[in-house]
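One structure is given below, represented as structure tokens, and several questions about it will come after.
Letters are used for the chains, namely A, B, C and D, taken in the order the chains are written, and counting of residues starts over at 1 for each.
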Amino acid sequence: MTSREEKASRMFGCSERERALFEAGVKMGAVYHQFVGTPVSPYNVAELEKTIEHSVMVQPFVESASVNIKINMNDEKKDVYDYVSLKGEMIDAVIRIKVNGVSVTAEMRYLEELEYPLMYVSDVSQ
Amino acid sequence: MTSREEKASRMFGCSERERALFEAGVKMGAVYHQFVGTPVSPYNVAELEKTIEHSVMVQPFVESASVNIKINMNDEKKDVYDYVSLKGEMIDAVIRIKVNGVSVTAEMRYLEELEYPLMYVSDVSQ
Amino acid sequence: MTSREEKASRMFGCSERERALFEAGVKMGAVYHQFVGTPVSPYNVAELEKTIEHSVMVQPFVESASVNIKINMNDEKKDVYDYVSLKGEMIDAVIRIKVNGVSVTAEMRYLEELEYPLMYVSDVSQ
Amino acid sequence: MTSREEKASRMFGCSERERALFEAGVKMGAVYHQFVGTPVSPYNVAELEKTIEHSVMVQPFVESASVNIKINMNDEKKDVYDYVSLKGEMIDAVIRIKVNGVSVTAEMRYLEELEYPLMYVSDVSQ
């Protein structure tokens, strides 16, 4: 029987190495657009980081995912409005993808000099 | 000094009881539209439930939140595609709101006879 | 035959008036958590406003929806990074709900003095 | 003055061709995770398709975007519950990315034989 991965693989008109880069991009887009907007405070930030990491890990070809959210808030809650919505600018992420021996490391980081939360490929190795 | 809650409260053209119902609705809409689409499998489902609950808890006037996700999957992962995207139909939620002595219990549940994930108010008490 | 609305209605443990307030909250939570994060620039902002309005209009009991997004950007695109992700702070929304003769007007607006995008009920009438 | 694109470009530890593949993936992940969950019916489906396309177009390096949503509903609305939440399975998308002369075509399509909404690269050319 043909496995799902064999069927999926046939759809790709590019090399395995190129596919690994594409898969890395998909995961980065998912992190940003799934979770931006989530209510977050010191109370739930560590748990949210883990949840984002693990929601990446269940997707295909992910070796590891590390997410760090910078919310710059005091631990003591001032009032009921003292929380924020997750913004892309708060997210630092590193995701490692492996497709048939090709490893890609992708990162998301807010770059002050760009005023932009850049997603980029920091390493590809085979 | 006027607190943020006093300022917010003045914006409402309705009773405290009515506000409690509105707040309950806001939280239900947030659960659905923030998290539907999240990749989930037996590996991360329990953590995702907790994360949704706690993202509700950080919002104003929430007393408690309980989320149950039904994914109907085997624990053993068949292949890399063996996970799902969270759908509204999979979510059971119960959220309790309290605004100035008024308690509202709201629920979300997929109702087979409606073929619809209904959000409703199961109780209001004062 | 019992209509879906009759079946849904039976699930509610509150008055029609209270249900109208709950429904208003649901729609507000949906606007925020569905669309925050969407890439937006002067090129697509007017269309996005309409799309958010109409995604509210397809939901139950909505009479009207008006959305205004303030992005504070120049029409001329400086470079490929010259766009933003929709944030709650940018959204002004007015939604009118009607359930069995009860009309509720709910609004979302970023309030500088709260430093918070408040969702509130501005009017209830019967 | 160094442009934002020059600064961004320096962050990448891969070829331009590989970057184009990564960028294609990012856009696909964004389409899925931003818009899944949106309320949709025959009333707003054509507009939502355009809005998704244009939200892709405002992002960097996108040449074109084409989105088709299959909702399988009758034009006539039966009752207030007669709409759906956008699911990944309903989305057909084709996105064309161009980075420094490299063109990538990526597609998203629900494949019955995979029971999975696959995102894949259908073409890379230089």
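In this section, contacts are C-beta pairs under 8 Å (C-beta built on N, C-alpha and C of every residue); 3 or more make two chains touch, one makes a residue touch a chain.
Here the structure is a predicted model, which is why all the values come from computation and not from measurement.
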Tally the contacting C-beta pairs at the A-C interface and at the B-C interface, and name the larger one.
-> B-C
Greatest separation from subunit D - chain, by CA centre = B
In whole angstrom, how far does the Cα centroid of subunit C sit from the Cα centroid of subunit D?
-> 24
Whole-Å distance, C-alpha centre of subunit A to that of subunit C, is 28
Rounded Å distance, subunit B centre to subunit C centre (Cα mean) = 17
Subunit B residues counted as touching two or more neighbouring chains | 4, 8, 30, 32-34, 37, 81, 114, 116
For subunit C, which residues are in contact with subunit A within the complex?
-> 32-33, 36-37, 81, 85, 87-88, 114-116
In the complex, go through subunit D and note every residue touching subunit C.
-> 3-5, 8, 30, 34, 37-41, 43-44, 47-48, 50-51, 54-61, 79-81, 83
Spell out the part of subunit B that touches subunit C in their complex, as residue ranges.
-> 4, 7-8, 11-14, 17-19, 21-34, 104, 106, 111, 113-114, 116, 118-124
